[in-house]
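My questions all concern the structure below.
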Amino acid sequence: MSRLLELDKLKTYFYTEEGVVLAVDGVSFHIERGETLGVVGESGCGKSVTALSILRLVPNPPGRIIGGDILFEGQSILRKTEAQMRDLRGNDIAMIFQEPMTSLNPVYTCGEQIAEAIELHQGLRKREALEKAVDMLKLVGIPGPERRVREYPHQLSGGMRQRVMIAMALSCNPKLLMADEPTTALDVTIQAQILELMKDLKQELGMAIMLITHDLGVIAEMAKRVVVMYAGKVVEEADVAGLFRKPLHPYTEGLLSSIPRLNRPQGRLHVITGQVPNPVNLPPGCRFHPRCPYTEDICLQREPELVDTGGGRLVSCWVRAGGSRAEVA
Amino acid sequence: MPGKRRQVAVSGEEPRGDVLVEVKDLKKWFPVTGGVFGRLVGHVKAVDGVSFYIKPGETLGLVGESGCGKTTTGRVILRLLEPTEGAVYFEGANIFDLNREQMRRLRRQMQIVFQDPYSSLNPRMTVGDIVGEALEIHGVARGRSKEKRVRELLDVVGLNPQHIRRYPHEFSGGQRQRIGVARALALNPKLIICDEPVSALDVSIQSQILNLLEDLQAEFNLTYLFIAHNLSVVKHISDRVGVMYLGQVVELGGAEELFANPLHPYTEALLSAIPLPDPELKRDRIILEGDVPSPLNPPSGCHFHTRCRWVQPICRDENPPFVDVGDEHFVACHLRKTREKQ
Amino acid sequence: MGYGMDGLWARARRRLGRNRGARAGLVIVGTLAVAALLAPVLAPQPPGRMDLDRVLLPPGPGHPLGTDYFGRDMLSRLIYGARVSLTVGVVAQSLSATVGVTLGLVAGYCGGWTDLVIMRLVELMLCFPDLLLAVGLTVALGPGPYTLFLALGLVGWPGMARLVRGEALALRDREFLEAARATGTGPVRVLWGHLFPNCLSPVIIAVTGGMAACIMAEASLSFLGLGAQPPTPSWGSMLNLGRPYLHLAPHLVIFPGLAIALAVFGFNLLGDGLRDALDPRRSDFPG
Amino acid sequence: MARHPAAFLALLVLLAAGCARLPAAIPEGSGVWRGCLNRNPVTLDPAYVVTLLDSSICALLYNGLVRFDESGRVVPDLARTMPDVSADGLTYTFELRRGVRFHNGRELTAEDVVYSFRRILDPATISRRSWVFEAVEGAVAFNRDERTDLPGVRAEGSHRVVITLAWPLAHFLSLLAMPAGYVVDRNEVERHTDPRDYGFHPVGTGPWVLESWVPGAYLRLRANPDYFEGRPHLDALDYRIIEDGATAVAEFRAGNLHLLRLGPVEHAVFQRDPRWEGFLVGAPDLAVYYLALNCEKEPFDNVLVRQAVNHAIDRQAILEAVLPGRYVLANGSIPPGLDGHDPHLEGYRYDPALARRLLAAAGYPRGFRMEIVQTSSPGVLQITEPIQRMLAEVGVEARLVQLESGAFFATIGDQGNPDCFFVSWWADIPDAENFLYPLFHSRNRGGGGNRARFSDPAVDAILDRARLTLGAAERSELYRDAQRLVFSQAPWVPLYFPINYLACRPEVGGFVACSIANAQKMTGVWLAPPPAAD
Amino acid sequence: MTAYIVRRLALMVPLLVGVSLVTFTLLYLVPGDPVQSLVGERATPQMVESIRRELGLDLPLHLRYGRWLARTVRGDLGRSWATHRPVMVSLIDRFPITLKLSVLAFALSTLLGVTVGVATAVREEAGGDHLARWALLGGQSVPIIYLCLVFMYVFGVWLRLTPVSGLGDGSIRYFLLPAGALGLYTSVYKARMTRSAMLEVLRQDYIRTARAKGLSERVVIYRHALKNAMVTVVTVLGAGLSALLVGSVLTETVFGLPGIGKLQIDGVYARDFPVVMGCFLFQAVVLSFTNLAMDMAYAWANPRIRFD
């Protein structure tokens, strides 16, 4: 059986007034059925755009998928018609977003919003769909679901709204759930609740999760495999344990050592110098080279490829992995 | 006034001599109106009896979830908001007794760095104007000398002094936060209130700013009140940490001590809720049920009793006192003793 | 996102330049403004020169836009008319902007009783229909240029005040204002130095729209016999005085009508363009 | 009468017009007349009528003892014949027609006449037209509430009315033909709790009965089948209220109006259109347009200045430019067609050099500044703007002050003191008296009509004498003298007597234009079956 | 909810007093004696005096206002000085005309404005939408009186599809042209507001959510985006409706429709004090009620708003 999702050198560019933004620039990774993949990176690294590209929801203009391919269950998403895409969205692939405050339509009740997808994809009548919505709310642990189903988003707390979002996403039993920073806007204690819920539901429903976040703690807790993105590219891919034990890419390394730790003593924090590069005006060669402490000459000139270093670990770095000089040459 | 008045066990009536700032039983209630003729229907008790002190040169961290009143506390200390009750002593003088002019002069001593590096800088002003305005207002420097001082400040916070004529949007988030720090530093203040200064920044930038703040503290002997929701960050930068819940400080102590040995069940739960970037670490989590209650109508007795797994009958009726359990470790919990025994 | 770019205004300028409509609007408005400024140079004849032997001539050599019922050169009068029509717009809009912005800022920033009183006043003023209020004022004060300025200015300020107040309310709790207050900046300076510049874009858009409305209102008042006073030709009064000639000498109506339509069209296009260009929420690249 | 020219623009003054070719027989009950009014009538109560428009509608509803015929002559109306007048000219005896009925069916008697006249003079009525009867014996005292009886108006029996005057008045019968002389039904007036409501529910004896009146929208009158002169040919008169001239033209072109009063420009347009040949008619209005100079105010208190202003203005050129074919150049105040009009009266010729010399002689060698007060209608500006320019050429800087009509009449009346103003005067009655006595007698300075505030004892003397003179030829001579004397002192710059033009739809027959507003009774008008529409 | 309405109604009282005071002052400032327009040309001072007495013009200012207020509170707006018609009767006669005109114009302009607004927002750069937008803008650039005249000639005189002008029997036919002109004229603003509200809404996260659910673009735009956009547009629409309701003087004048606006402007010219006071007061009431209704509509459209 084919992989659930496979990205092959996906390129999504934005053509803005300031210039072309290479938001996603040749990203490749895959997700197995039932697996949780963490995608980690800082703001603007292209992780959200990658997710939107998978759903073909990149706002056009100014954005456009200009290259590569996305295979879902072996079929190219990019070659599907818009109608076929609509069948896929919310049904096979669902998505939840960072801001539970703004991601729900304020003028419709929670029930209506959940039921809408059920009606559409499962062909249920409105009343049946609403009943199913109640079940879903129960599933995501919302107390008093019969009442909540008739309430508007503003009547719920942030945590509750995120639960509604999850209920909506899961209502059609998707094979893949993409969660874009699902807990970033929530308080710590609520974040714990939501993460716990997602773990439970995954166990129960068995879908694959693509978890996008900048929080390495969340990744460590939730994911089995991790993809690290920087400036529109995947710089490292590894299993969680391996990544945290020994990060290969200098960026991953810097990231891990620059966060304050609760559970271990720390002196002065490590710092990744400089700024995230301007997406319109990326540095030549390796995009991380201006901030990298290990820069060599080649880093300034040529972009490294993502190379398999064995054991499911891939890295794109001239210094750490030789950057597949041979292959490129 | 509903509920029992909280006992204050921080100190006596007189301000302590050895501290820079002392906050005593501070309250800030926001009136809520409604009904036919805008009747007062209640108060949002954003800050509901908070007491603590900050010693010169130290960093006091204040953590809590959104809506717990930590930001409001910072604003009231700066007198950007007028308090409902209580006092804030700065170098022994209650700032709420000061008149406009005295307050204006006092503002040179205390400054603030904001959370959002985007909205805290006036988009229509140049960096030079933003940083230099305070100098001009307080008659410290004008014209050439102002510009010279601004360039110095930019250099201090790690920005290119050449960029003095640029506008905020020409900078990245981290650089903007540096501008905010420069603005706070302009008048050589003694106290800087850092209101979530790194929470809007990327991980890789966060550490830059934290290090900058530490360096500046060492260089200029600054005192920080560091407000944040990220416990890791607070623990890293603070000497002492206070934990707030629903307008009250529930626990306060030395950073290492508090994180190693949390006494309040809320602190405990908070600590265990944080996902740690360490996949091999296995631990038991305490998941708090439900949401934080509304500050408009906080629970009776101990505000935390609705979500506390140790709750006792007394917790529903009586607001626990905030007491020092030794070594400047304060906690407000009825069950502290009981649990210690367990 | 958002760094490494030049100024906000520069971006607005670029967006304006890219917006076809706005560009057209700018060209129209600019041309009219130049015509108004250089009227004595551009006009082939003094606007008041009569030639009772050559009345109602259709457009042709000598009089590119024909002559009116006194044999006055239409082109010259239109060029001079631009002065009046634009002046009315500029002065009335300055007036309403000054009053409206001040009151709006104060109401929005101070809140409480001040806000309550100012907003009740605004509501009160909004209870009077625009045109009727202008007519009432004109009748009360007697027609004349100053009356026109005052009447149109007074009609405009409540809307402006409401707009600016909304803007100020949205900005009131922004941290940069708190920062200013934390450094000890006085309220006046906070209001005008910090708050005002940030409310500027909607004000500019409103003023642009208001210019169009003023030109239109002048025409309406002229229709009611309360417009600009002779011998000063304004487009509105030319249109109105030419109206009986609709069938006999249509150029008397068409050209001033076109001038008004063009100016209004230009200002509206410009306003729409400005709205798109100055709207800070519009960005091309999501997140 | 004489209301402002702008307010009045409508159908009223109609022209001797033979529109439709006369058919063999006039069809009875030939349809509904579609006309338009340029304003909503204010009131249809004769006691309060002041505008020409109200007056013209009242004429359709009411009758007086006498009325004007289409040429402006006084003819019997409710009276069977012209009255017997005593030799001293003080006593008028009217025999009433018998069998005249009000619209409500009640028969009219002499008492109704007495009641109607008394009502005008009754101080409680506050009628705007009490001056019409001021010559009646006892009227002034009665009107001032100084006596309760009015001896000058008596009923003798049921069908004879005797009126005695305190002094002889040559044009008294003309006054009686004004709306103030219309006879109303006492019961109908007093039926209303507020007597002023009568104005909305008029009941007269006239050829037309008010059927409905939606203020601002339309007025519908139906034929009175019992009219004493016989039922009118038409079934009903529909008057739409159309204030905007352009709209009226559109309606006329769409075939929705039978008659259109043409503005100067429309006139020119219709004149060039062959389809309307033969359907356009013009006749002079009894009115005069003039620029009044305030004789009491510097510098116009100096006759040389007034003459200079007269010489400075090329009236002919202006009028030819803006009103071609629509004016008679005025040199005096009495319009052509009235006894007393003087075609030989010489005007001030256009001579700017002379004007400058006169100004210098008067002590203003470098001219002066002045204001011309006017209403703000387009037609007015077309006259005053060139005047302004011509005055500038002799060094007089004139500012045009446009006031809307309310302020204008206040300013030129007793409440203001303008330098100069542009205004017109419309006949109340077709009599030369009406163009001299109110306008130039010092007694009427200001609000009384003499708004130029002209005052000359010699003129006053002639005018007083003329009012008492009964002989027509003698009166006419006196008025000619007075006019010559007045204009030698140049209190005005007289401009023109207007000629009015109307367009008639081809199907209109029997329509005769009248120079005086309330002469038109619409009884002789009929409609031919309409030909193909325009 | 009821409490909210009560509160709003209570707030109307000071507003109305304010409106009457401002109007009164304005009228007081108006030069030119109303009596002059009433008496005609040949007035004796005595006649003028008795009319002044009749109208109460001889009283000092505060007494005049007091008298007016006392009468108005009892529901009597007095009679017109010029025509002597009770002001209340005039208002009641004329309001239906204005109401018909404005509701029709409002419906038309809303339909037109919202359609064009949505179309131009959804397909920002497409040519046809631009054309529509420019056409609307062009329509609004012509002074309304000329727009009315053009409509009159095209539809009334040449095509003979509608009556040219006037009230006729009061049927809808007679309101088509004026409402059409007025509607076209006022639709531009609505199109503009709808467009910017739609653009704003289309940027929101929940639109992305809706698309991610697999909803078709049509559903996303008309169900999810438009309803949200209308929440903001409704307030603007309300302002438009109230502006229409209080009279569109020029249209009423040109089309010979005796509405409120016409009544009022004639009153101003004639210095007909009771009429003008009555009209302004009436308008203030109408405006207040429309605003209230619009706020209710806003609350209905926007579940976030709840009174009390």
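We call the chains A, B, C, D and E, going by the order they appear; numbering starts again at 1 in every chain.
One rule holds in what follows: a residue touches a chain if its C-beta (ideal position, glycine included) is under 8 Å from a C-beta of that chain, and two chains touch if they have at least 3 such contacts.
In this text the structure is predicted, and so the values were computed from the model without any measurement.
*Asks:* How many links in the shortest chain of touching chains run from chain C to chain D?
*Replies:* Minimal hop count between chain C and chain D: 1.
*Asks:* If you tally contacting C-beta pairs, which comes out ahead, B-C or C-E? Let me know.
*Replies:* Of C-E and B-C, it is C-E that has more C-beta pairs in contact.
*Asks:* Among all other chains, pick the one whose mean CA position is farthest from the mean CA position of chain A.
*Replies:* The chain lying farthest from chain A is D.
*Asks:* Chain D to chain E: how many Å between their CA centres?
*Replies:* Once rounded, the distance between the two centres reads 39 Å.
*Asks:* As a quick test, compute the distance in whole Å between the mean CA positions of chain A and chain B.
*Replies:* For chain A versus chain B, the centre distance works out to 33 Å.
*Asks:* Compute the distance, rounded to whole Å, between the mean C-alpha positions of chain A and chain D.
*Replies:* 90
*Asks:* Quick one: report the Å distance separating chain A from chain C, using the average Cα coordinate of each chain.
*Replies:* One centre to the other, that is 50 Å.
*Asks:* Enumerate the residues of chain E that touch no fewer than two other chains.
*Replies:* 30-31, 149, 269
*Asks:* Quick check on chain C: which residues sit in contact with 2+ other chains?
*Replies:* Within chain C, residues 3-5, 139, 142, 246 contact more than one other chain.
*Asks:* Taking each residue of chain B in turn, which ones touch at least two of the other chains?
*Replies:* Within chain B, residues 172, 175 contact more than one other chain.
*Asks:* Help me check something: in the complex, which residues belonging to chain D touch chain E?
*Replies:* Within the complex, chain D contacts chain E at residues 1-3, 40, 42-43, 48, 50-51, 123, 126, 128, 130-131, 144, 194, 196-197, 199-200, 214-218, 240-244, 246-247, 250-251, 253-254, 256, 403-411, 413-415, 438, 444, 447-449.
*Asks:* Considering the complex alone, what residue numbers of chain C touch chain D?
*Replies:* Contacts found on chain C: 48, 50, 52, 55, 69-71, 139, 142-143, 225-226, 229-231, 240-241, 243-249.
*Asks:* Within the complex, which stretch of chain B touches chain A?
*Replies:* Residue list for chain B touching chain A: 65-66, 172, 174-175, 202-208, 210-211, 214, 229, 231-233, 235-237, 259, 269-281, 285, 287-288, 291-292.
*Asks:* Would you pull the chain B residues touching chain C in the complex into a rising list?
*Replies:* 75, 78, 80, 103-104, 107-108, 111-112, 114-116, 119-125, 133-134, 137-138, 167, 169-172, 175, 180, 183, 186-187
*Asks:* In the complex of these two chains, what residues of chain E are touching chain D?
*Replies:* Those in contact with chain D are residues 30-34, 36-48, 50-51, 54, 79, 82-85, 90, 93-94, 149, 152-153, 156-157, 160, 163-167, 253-258, 262-263, 266, 269-271.
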